[in-house]
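Labels run A, B, C, D and E following the written order; every chain starts at residue 1.
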Amino acid sequence: MTIAIPSLKVETRTRASSVSRLIALAVLALGLAAPFLVSRGAVQDLFFILTMLVLAQSWNLLAGYAGLISVGQQVFVGFGAYAMFGAVILFGIDPIPAILIAGVLSALLAIPTAFFTFRLYGPYFAIGTWVVAEVVRLLLAQWKTLGGGTGTSLPREAVRDMAGVGLLRDLFGMKPAQASDAITYWLALILAAATIGFIYRLLRSKQGLGLAAVRDNEQAARAVGVDARRMKAMVYLATAFMTGLAGALIYVQKARISPDAAFSVTDWTAYVIFIVVIGGIGTIEGPILGVILFFLLQNLLADYGSWYLLMLGLAGILTMLFAPRGLWGAFSDRTGIQLFPVRRTLVGGPSVHQGGSSHG
Amino acid sequence: QNAAIKLGYVSPQTGPLAAFGEADSFVIDAFLMAAKAKGLNYEIIVKDSQSNPNRAAEVAKQLIVDDEVNLMLVASTPETTNPVATTAEAEGMPCISTVAPWQPWFIGQQGNPGDPASWKPFDYAFHFFWGLEDVIAVFTNMWAQVETNKKVGGLFPNDGDGNAWGDKVVGFPPVLEKMGYSLNDPGRYQNMTDDFSAQINAFKAGQCEIITGVVIPPDFTTFWNQAKQQGFVPKVASIGKALLFPQAVEALGNAGHNLSSEVWWSPSHPFKSSLTGETSAEVAAAFTKTTGRPWTQPIGFAHALFELAVDALTRAEDPTDGDAVAAAIAATRLDTLVGPIAWDGKGLPPFAAKNIAKTPLVGGQWRLKDGGGYDLVITDNKTAPNIPTGGTMEAIA
Amino acid sequence: MTALLETKGLKAFYGDFQALFGVDITVAEGETIAIIGANGAGKTTLMRALSGVLTNAPDSVFCRGEAVGALAAPDILARGIAMVSEGRRLFPSLTVEENLMIGAYGKRRGAWTLATVYDLFPILKERRANPATALSGGQQQMVAIGRALMANPDVLLCDEISLGLAPVVVRDIYAAFPRIRESGAAIVIVEQDIGQALKVANRVYCMMEGRITLSGRPEALSRAAIHAAYFGAQSHDHS
Amino acid sequence: MSLLQLDSVSKRFGALTVADAISLTVENGEALGIIGPNGAGKSTLFNLITGTIAPDSGAIRFAGADVTRTPPMARCLSGMGRTFQIPQPFEKLTVFENLLVAGSFGARRSEADAYDHCAEILVETGLIDKANVPAGGLSLLQRKRLELARALATEPRLLLLDEIAGGLTEGECQALVATIRAIHAKGVAVIWIEHVLHALTSVVERLLVLHFGRVIGIGAPAEIMASRDVQEIYLGIEI
Amino acid sequence: MTILDTIVQGVLLGGLYALFAAGLSLVFGIMRLVNLAHGDLIVLAAFLILVLVNGLGLNPFLAVLIVMPLMFIAGYALQAVLLNRTLGKDVLPPLLVTFGLSIVLQNALLEGFSADSRRISAGALETASINLGAVTIGLMPLMAFLSAVAVIVGLNLLIYRTALGRAFRATSDDPVTAGLMGIRPRQVFAVATGLAMAVVAIAALYLGTRANFDPTAGPARLIYAFEAVIIGGLGSLWGTLAGGVILGVAQTLGAAVNPEWQILSGHLAFLAVLLIRPRGLFPRAVD
């Protein structure tokens, strides 16, 4: 017996999401024009925000959706950065293609590291990722051609003659430093948009549905045919790729690298975790909100040195205790607003009511 | 009245390197007062690197882009000076840097430090300090005062300083060999190592009577205690970095007696400030009076940094033009609190001639005072005879 | 006279799922009560509510007239109510003897000590140094009962102590009950094994879907009524 | 060739034997009922069949292939659908999405292909009104229904049901029986663990009695229910 | 016989690591709580000892006796006020809260004590040693090792011989049933963390006398402590000692080859153990 449901339809969009789609496009357009509209300082601030956003979205995908709590993501930032430096210094490749190479190499690095860390669960996994990051840091610190523990700088010409710099100079009369700022900024913008786009698409795809199932109940997910291990491995690889790209991009802009800086737990993992947790883990909106708050906090309090970090630590603790779903989570729970909805809503059909509680 | 000239200053004021930045606010306050008295209009924007190289690069960018400073000043350890100088160079911002031996500063900023043929000078980044050749000369001069078997044990970590000191080309090994010392270098260790038995065993086996290296304070404490426990007591221990600050030596208890170290500045240095006319002794005394803390070596260099800034900016045709300021820096001839400074390539290999100016270096030994605490006594001045000694080298008991 | 233990309109919830809908029972000093009912009737939930594992409205459970509904398990235990949990729940990292000793953690004194418990279940003395989980199911159940006795309770709550045990073993365990009663404790047993329950109880409550549907002295209840209550079909016309 | 074949499968948890050399054959399209006291090892048997736990010895064949060591995910893809005794919904996903996971992964379809099929099952199992409600907000009975619906969405050849009728009203129970019959009528083999005997016996062709992890009887329901052993062990009533 | 000396020094170093790890192991074993602030708490205790030694001129060994109860109280309060709220199925809250705590502690210490690197002076003991011919054993490292053994023997006696220890194990197995025995799990957890902090005070003494420390020295110690716990296996204190020794010996052996390999060898030994035995060398039977 089959029951025909002629008017059945599945919708994934809400009014808020249609609005936010427009807003996103406008923001993107405005973002692209930013180097012509705002000061260089603002462009650099935006670069910082965007790269941190990429790191935060990646960690959020890993921890918030795949349940893999890593405190060792700095391994991909540092490795990506070193791969880029290696490609530029040793092979004379232009920094921009070198960034791509770095992303790919980071994803490749994820294979052997997953081999170790995926044997571990929960807190063990977290510690395991940290140790792996230390091992990679110590190994790279032995690589004398890239400066060993001292670190090294990108050749000045590499950045100055980077693809596109000449073009910008000719077209808009930008100074090389300004032009390379603009280029790295655009790359960061594209990377951030692509990361969010990728994560959003993933979550709305069949794989995303499987991922959500694994997050909610791994045992049941396996029982209905979801390959939880593969799913997690895939996410781990994807985040390694995105994090590696971000790391390489950040260090194109910094132009100087050392193992301690590139593999800093504080800069590339602790801050990122705070951003995600304070903003709202397990949502796409959370890290966006979090990174903006983080930036404001940093600017307001940077001159207070250790007080700033102390406040950040306290804010993280308080959020975890009193609003474990973060600021966006709390907001969304109260208002039902979601800018990036992933719900599949069944509408139409004989007796479907389009009930109000369509938000989770 | 002209708009104020803006100086950006980056140093580690918090974090593990904070001892280096300890004198900053004292030096800056004194400088602003002196500048005002002279009718100069300067604004100084100070940024804390938090001892973090990432942060140092970031604040340097902010100073250049947001604050639009006219000149970048940076001090203390390659971890701080290198990211800042790299950023300034990329941005076309003139930069004066100090308190890092020149090799880790210069070579450490090259794309491929292992390939001297690829090294290039900088257009905007200038550095003044001594180099490894100086510290080698000072150390060996000190060692020559004591009867030893000329067997040296080396402690070089895998960091900016350690790699430079231990370098087979520009570091200690080639020079020591030439001078008839044999160097026992077990290899680069990581900072914050908990056990030095491998090194101690190697030094014992090699019958080393002299220990040298560039070690961070916690590691030196670990090493020195362990060495004593293992019955390894060299006649001479000349260590860079770990013995700079009196607090660090005091942390060794009585075991700090007669340890020796490089001395780049002290109250007995016979130099005067070009800005205030004060002598070294006067500046040191003022510091102790204001802060209640003993004098430290970075005071003189932080002070000199500002002397150089004023000098270059006054001479520059247009202090707001980076190229003009860079040209003025390159043409400097100034007698500062740390000695005469000129980027004239004196005592330097050709590749570094443009960007480095050297300051005099002597050697000293920490001596226990009767009432507790330590004195740093200058024990060797062959490298800079104008700086008076306060005693001669003694072997460690 | 106030009852030793009493519930008044006791309700219990698991999230938004209601498992008990106003249960009233009383337990008098020295009495043995049996609670029977089909799977999912709410018997375990009732036990958990009585023992403080689930907290309730304060005035839904009374112990000697004191409202104890909102107290946590250790406070309930301090008032002399101990429980043998469904499924035994021994501590696997403790030996048999340690499992027993931990029953005395609350330091209530009385007739039950290690010696008297070993006297009641001699086999446990032989196995005292073994990890508790290395014992057979029946022996484990003895440990669970002994552990609860070590607290010298005034009321002993037993949830399905015959669960998964062969009838012979069940008989052995029930053989201990007269001795327990002699020590003065009232006993509340939850049983699916109706035969056993009816043999030892002074009074029986039958539960169905979170409510008491039948109660009385065992000899006064018809087998048909109980059987019906047990399997859930056409039971409502009894009670 | 039989659909499912267990060959002397055993499993122990420490000292506890929960499956004791169980051999069993289920044919294509057959309906088998499993009964046994609490803790007899019924759910464990399901876990062994579906791969949630691995047997200590013995072999399991499904649809002609040896699946003794294959993971649950692969067994689902080869046609086993199961419900959990304690419902395990994906709490943050809606009811419809819960089915979509099963319908797209378990039945190897694209997501869009699974829409119609999943909506049909929602109607069939009476959950269509709750389609857009997060599963975390369902009552226990609805959760159990969701378990069934989700198992169906994987389009199984063998459906394993673990105590899904408990707590239903008579009317609901009959509706459930009708649903399961309809599924069975389409040729899906069913293994059903149930305490609600009248519901079970009105569907299954054979009944298996499990006690202490051992098969103590298998055969036509009437025959099994009449056996003395079963009456004594399962009902605990001495006749 | 340098190799013998290398191993002996590694074993002694392992004792120090085990001391760092013992408190962590206790807490980890009883409530599965991963305390990322453990290293910073060691540093905090070291500063407390320092204040007593410098301020009141106390002997450091005496100062520890005062700091131990202080740290016990701090640990008790920490668990009761903060950490108990984070326990549950989800591993994220405890990780994050202790991570936040680590940052807070480091920076509060920076504000309070500045970044200067400090040291607790133990006088002549620091450099004293016992000469056994082939090997020379430093007195302080030996005392650290013996303290580690003593702490582990003590904790094991506590855990396996006392009512409190039974309560620890029972609560760890099953908090709900433990409640039915009159045990208050939250209180038991607080006592456990208090004890762990008392052990931390002992670890702090040896940290502070062996090398300099500063407010940011914690995390570097934490990672070794964790490795020791995980190598040893969850809940096994002797395992933790073994884990510490494995780390220490791996480090000294690695350094004997080349100091570059010192720290790396420790980490690699850790990864190797994980590869062979993901649950550690002496895991608890039930978990």
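By our rule, a residue touches a chain if its C-beta (ideal position, glycine included) is under 8 Å from a C-beta of that chain, and two chains touch if they have at least 3 such contacts.
Note that the structure is predicted; figures quoted are calculated from it, not measured.
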Count of contact steps on the shortest path from chain B to chain C: 2
Centre distance in Å when chain C and chain E are each reduced to the mean of their C-alpha atoms: 43
Centroid spacing, where centroids are CA-atom means, of chain A and chain B in whole angstrom: 39
Whole-Å separation of chain centres (CA-atom averages), chain C against chain D: 31
Separation of chain B from chain D, taking each centre as the mean of its C-alpha atoms, in whole Å: 76
Touching two or more other chains - residue numbers and ranges from chain A: 138, 142, 305-306
Two or more partner chains touched - positions in chain B: 14, 158, 188, 190
Residues within chain D bordering two or more other chains: 137
Pairwise chain contacts, counting only pairs that touch as defined: A-B, A-D, A-E, B-E, C-D, C-E
Residue numbers on chain C that touch chain E, as the complex places them: 51-53, 72-74, 77-78, 82-83, 85, 89, 91-94, 98, 101-103, 105-107, 131, 133, 147, 151
Chain E residues touching chain C - in the complex, by the definition given at the top: 163, 166-167, 169-170, 172-174, 176-184, 284-286
Sites on chain E touched by chain B in the complex: 2, 5-6, 9-10, 13, 16, 110, 114-119, 121, 123, 126-129, 131, 136-141, 210-214, 216-217, 220, 224, 248, 251-252, 255-256, 258-260, 262-263
Touching residues on chain B, where the partner in the complex is chain A: 13-14, 48, 50, 52-55, 57-58, 61-62, 65-66, 78-79, 82-83, 86-87, 89-92, 104, 108-115, 120, 157-160, 162-164, 188, 190
Chain B partner contacts - residues on chain A that touch it in the complex: 39-41, 44, 48, 88-90, 138, 141-142, 144-156, 158-160, 175, 177, 180, 254-256, 258, 260-261, 264, 266-267, 303, 305-306
